[in-house]
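Each of the two complexes below includes chain A, the first together with chain B, the second together with chain C.
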Partner chain A sequence: MTTSTATASDSPLKPAARSRSGGGARTGHRHRTPSGLGWILPGFVFVFGLIYFSIGYSGYISLLPWDWRPPRPASVVGLDSYVRAFHSALFWTSLRHTLVFFVAAFVVQTTMGIVFAAILHSRVYASTFFKVVIFVPVVIAPAIMAPVHRRVFAVDGPINWILQHLGLLRVDATGNRIWTEWVGWLLSHVGLGSLTPNWIQPATALWVIIAVQIWSSIGMAFILFYASMGQIDPEIIQAARIDGAGNVRTLVSVVVPNLRPTILSLAILNAITALKLFDYPYLITAGGPAHSSEFLGTYIYAELFGVSQHFGYAAALSILLLFLALGVSIIMSLSARESRPGRRIAREWRA
Partner chain B sequence: MFEIRGRAARIGLTLVLAVMVVPFVVPLYTMVYGSLQGRGWGNYASVIGLPGFWLYFRNSIIISVFTIAIVYFLTMTASFGFSKLRIRSKEVYFWLLMGALTMPEVVLLTPLVITVSKVGIAGTYWAVIIPIAALQIPFTVLLTRSYIDGIPDALFEAARIDGAGTWRQFWHILVPLVKPMAVAIIVLVLINAWNAYLLPVVLLGQTPGHMVVTQLPNSFKTQYTDDQTKILAGAVLAALPEIIAYVSLQRHFERGMAAGAIK
Partner chain C sequence: MRGFTPVAVTALAVGSMVALTACSAGGGEAGATSGEATSAGGTETSAETSAAAASGTVTWWGWTPDTPVAEKYIAAFNEVYPDITIQYTNYENADYAPTMSTAFQTGQGPDIFDVSAGGNVGGKQLWGDYAMDLTPVAQAELGDGWKDMFATGYVDQLSVGDKVVALPLGGVAAGFFWIDKDLFDKYGVPTELKTYADLKKACDTFQSNGVQCFTMGTNSTDTFSTELLRTITNSIEPDYYMAALHGDRSWDDPVMVQALDMMRQMQDDGIIGQDATSIKQYPESNNNFLSQKAAIVQMGTWYAQYAAKESMLNSMEGAGVSNPVPFTMMPMVSPDFAGKGNIPQYVGEADYGIAINQNTKNLEAAKTFVMWLTATKEGQQDVANAIDLVPGLVGVEADWNNLGLVSPDIQIPAFKKLFADAAAAKESRNLYISAETGNAQVIAVQQALADRSVSSQDIAKQAEADSVDLPAQ
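Moving on to the complex of A and B:
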């Protein structure tokens, strides 16, 4: 086994493997190709059995009374739970937070990802060190980092420490942190007079979650943009330079248009992340205070394992979330038809 | 990308970059600095002295290893079938599989909680391994199938003419050729299994000995104590294996995670 591995990967067949010949099985030799149903069945049954069974089961539970839970006898009552969801302010609040999260995270990630990738494609010192620092947050589990972020945004935490040393905050006689005069004046004139330097409060909790999630995913955007910038033909950039374009002009007018497929992939990735979001909001703010950072994930969890367990209602919310995710994946497969990111990536790696 | 002339410009751009990465360093610095406050290294000693400290790691290792094994085996066989073998209405099976690609795990929560206790595997490793693996497979199959599509069919036909059965083609041609993609998939699944939080919390339980590594920092935050320094020391210890693995296998990690991003 080991010898065949070594020879196969070094064999002269590899360059041939690089050339595209996918789907060749359909031409000519069909009669000799053995049947493969037995090969796909184990994987298919495993996934289908679990996921589609769960969806079906969720669909059934969602038709039970909204406050149904397991030991009780089940009786189908219809779409009550869905009606309840559409009338629930909290459902729409969670959706709005998801949308805000998606837009903010997408814009910041794309911009910062491109800027980091461009800088690290230039000749800077210690580039490996910077790459590791930017990417480490992607690797560490959100659940492990959550208590650290709680600390970072604590009233006596590093964020306020930095603001204090920048002269934006001061500690008053009773030991409370308050804005310095001019910051307070500025805030009250932009309608944020009630804002205090306590970040886990209704006005700012959502933004704390967004900031933390962006922190942990810029590295991903960076790696994707870094890879696709490496694919851009250097001659195009050379041509722009000869035409007199400066660094910024080249980046905006030549490089960024070439990154469109990656930006699209990132938009889809962000939409799915926004819908799936659970670990950070649950562990940093628990969706609060006063539901100010509630997302669909934390909402469903609270309905399932909260004080009163509403399995029927949680199942209906899950089905609604499923439709949203399915919508995203349909948009994805339609747009993938143009750019085929999966195939592109697979091709790049073969090289 | 940026054209830079001279040493001064190089240093300047590096400094700009250094300022830009400050927000990335702040939480990492907070984690390490905070964990050494109060009793200093004593915080680490009391975290390690926690009864069942090693069980967090043992549970995560067992779950990751089995998840990787299941995903690897099922992905390789299914991708081989989808790409190189004859199956009636193949694309129907494929799209049914791809329908599960973007499944949020929270959707599975209600049915899983009920089913797992009915089947009687609540609190066992299987209750976590099976759903985590099932959620990975659609995507790993998508990637691996695209990859195998790029391997010429002639290779398999030649083997067939020489009398090799389908199993031999699989083991001696496919498995070795797919190795680069397999490494990326293993890293991706490893990260997803190791970082999983919601499914282990719900399906494995929150009692000592039944917790995974992602629950380690929070086990110091109970109703009665909120011991910041020990929480942070716990976070450092839980994050350490991942950081070490990433730094030593940097390239594979970046590839594997990027693979997970582009669906």
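Moving on to the complex of A and C:
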């Protein structure tokens, strides 16, 4: 690059020197600080008191015996609950489900969100109607939709009804639904021979939750991408057109790279959603059958309220979840900073 | 008008936080102290309070009875004690523990609450710590030998050590089935199914007529689905389950493996519905039976309450039936699943009792209600007439002829026998099942029915690994 000979002071990337104004400014600054601090303090104390005290208290409870519960006397035993978590197959299963959920939901939401946004940025008839249709699931509470989804995926529900009328499954003499011969043959040859048309079973329950979550949140991805696409300079698109790029090439090579910040934001949102996922798994599958759709959220809830009230263990799981969320946020934030165009250009310039 | 200064606002916030923290930190200690004082006070002044000149409002939380039944109890109580208001809140089984736990942590617990002998909903091991010892109250009201006034073992089953956590409202038994006799008659199915082959044949008949045979829901942490597992093990080897509960046999014993295999066979034969892993016992299976979509359901004695016309109509409407017509439901002894000549016997114990919050501020009113409902003939007669429970007080029996049963001629003798057999049940139902063991069996049943890629042996091994024996009681 020719810029390799340029001096740093010539670089437009170099931040402007800070103004070092005189004592008047400093005096003004000193004068404003106590006043601003005073107004911030109540909120700070409130937030610190409620949130951080709760976190700290959870940390304390996590050091008590794993099966401790109030009002029994408490005595600190150390990190037993954490050791127990790391030795728990269910803890790792929950994490694996979280990871699968994140990857699947993120990929599908990003792809579909971009496609929907691109389509609705073109001249589509009744586009407002379609925008509403896509976005409505976002504003419906999971508690309202969960019974509907339970019905949709029921053995005698609409999905199996459709499959039955497509000739993919049939009802046998005992009333059970079974795959038609060629579907059964196909499934057995891809290692899914034990799969039955019962969607709430260990092999498929996780995917039911993923599908429902995608359905309910794809509108948010769509809105983010739709808004982000609106910020792209039309001249860039025109230039691509003049260079002969078709719709797909323009979308892939011009539009999508400009959506990078939005994609990163969506990744962070999805990671947070995956880590704290609770409502749909709890309401649709209760984390089952046999823990096949267990997530950290449902696992913590089950330990705290569901069966035995293991407060110490549940608190340890909560603290682990906190560190996981912090770690993911930090990694993604660093990735986002590294991916900023300015930093990229600066890195290239330094090279 | 002068505005607040930042310093004042900050001081206010800090002050509030300190106050909150003080309440929070000191609450536990204060509560404990209060509880101790209350218990001690109860001992000293129980004689004075035996007449319990009570008034006020008492909050009662429970997962049972259903609200209409509780309202009947309360109405009858208020005829005697009009100055005491009882506010009953019914929670679904799965909601009871979270609600109770949160409420007790924040000092907002009810004045009185349900406690069961075991199980993972209202087990005494979960909630006994919050209850006051009712020994001095009962002794003062009923005199020495008061435990003998209740059905054998009921008081001890609701005790932790020497502390009587709750007074028994009544008993319960399970290990049998309920059938819709109208459907059985309609399709010419005999109402006694003695063998597995009989059950299979009945289910084939129902199936061919578009009626689900047996409805069962396992998609929950409650232990209803394990009742069938236990019934089957009892048909294979009657003493196995209790021996396993006491640690003398393991949960991966061949009996357990065979029982899990039989459940799979029942699913393959269309007896257990394919939807068993995607629905819950409550509300879905319950609704399937009450809306006459299914002919058989496995529930315990508590289910008898729906046999009366009025409660059945309410329940059928609740199950989504628009113009309900009451049907005749009957108890059916379990078939001999294993074909070894073992008819599974009833398992039962004290179902639940009512405990008094050791920190209640309405102690006299709470004591008055609890004692009236559990230890007076008037209160227990109402309990008996709800046919929700086997009455806890000895000598009380339902007024069978005035319950409004749908088909009294055939139901009364059947129900009399059912309740007599239930009261005589020798094997406990939940008393020795830890929450972990109950949960492990729920998972085993779910996996047996939903995941054929795992063998019954491996499922049983996992159940053994996840189970926790209760300390000797």
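Following the convention adopted for this analysis, the second predicted complex is superposed on the first by the 297 of 351 C-alpha atoms of A that agree within 3 Å, B and C clash if a C-alpha of one lies under 4 Å from a C-alpha of the other, contacts with A are read in each partner's own complex, and residues count from 1 in each chain.
We adopt the following convention: a residue touches a chain if its C-beta (ideal position, glycine included) is under 8 Å from a C-beta of that chain, and two chains touch if they have at least 3 such contacts.
Nothing here was measured: the structure is a model prediction, and the numbers come from that model.
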| item | value |
| --- | --- |
| Which of chain B and chain C A:Asn247 touches, first, second, both or neither | first |
| Chain B versus chain C as contact partner of A:Pro42, first or second or both or neither | both |
| Partner chain in contact with A:Arg72 - chain B first, chain C second, else both or neither | second |
| When both partners are placed on the shared chain, which of chain B and chain C touches more of chain A | B |
| First (chain B), second (chain C), both or neither touched by A:Pro202 | second |
| Chain B versus chain C as contact partner of A:Ala104, first or second or both or neither | neither |
| First (chain B), second (chain C), both or neither touched by A:Ser265 | first |
| Partner chain in contact with A:Ala118 - chain B first, chain C second, else both or neither | first |
| Touching partner for A:Ala286 - first (chain B), second (chain C), both, neither | second |
| Partner chain(s) touched by A:His149 [first = chain B, second = chain C, both, neither] | first |
| Intersection of the chain A residues that touch chain B with those that touch chain C | 35, 38-39, 42, 46, 53, 70, 301, 304-305 |
| Residues of chain B touching chain A in the complex | 1-4, 10-11, 13-14, 16-18, 20-21, 23-31, 34, 70, 73-75, 77-78, 80-88, 90, 93, 96-115, 117, 130-131, 133-135, 137-138, 141-143, 146-147, 149-155, 157, 160, 166, 171-173, 175-177, 179-181, 184, 191, 194-195, 197-198, 202, 213-218, 221, 228, 231-232, 235, 238-239, 242-243, 246-247, 250, 253-255, 257-259, 261-263 |
| Contact set on chain C toward chain A in their complex | 5-7, 9-10, 12-14, 17, 20-21, 28, 31-32, 94, 97-98, 101, 104-105, 120, 126, 129-130, 203-204, 207, 212-213, 218-221, 267-270, 273-275, 277-280, 434-436, 438-439, 443, 446-447, 449-453 |
| Touching residues (chain side chain A, partner chain C) in the complex | 35, 38-39, 41-42, 45-46, 49, 53, 70-72, 150, 153-156, 172-177, 194, 196, 198-203, 285-286, 288-292, 301-302, 304-309 |
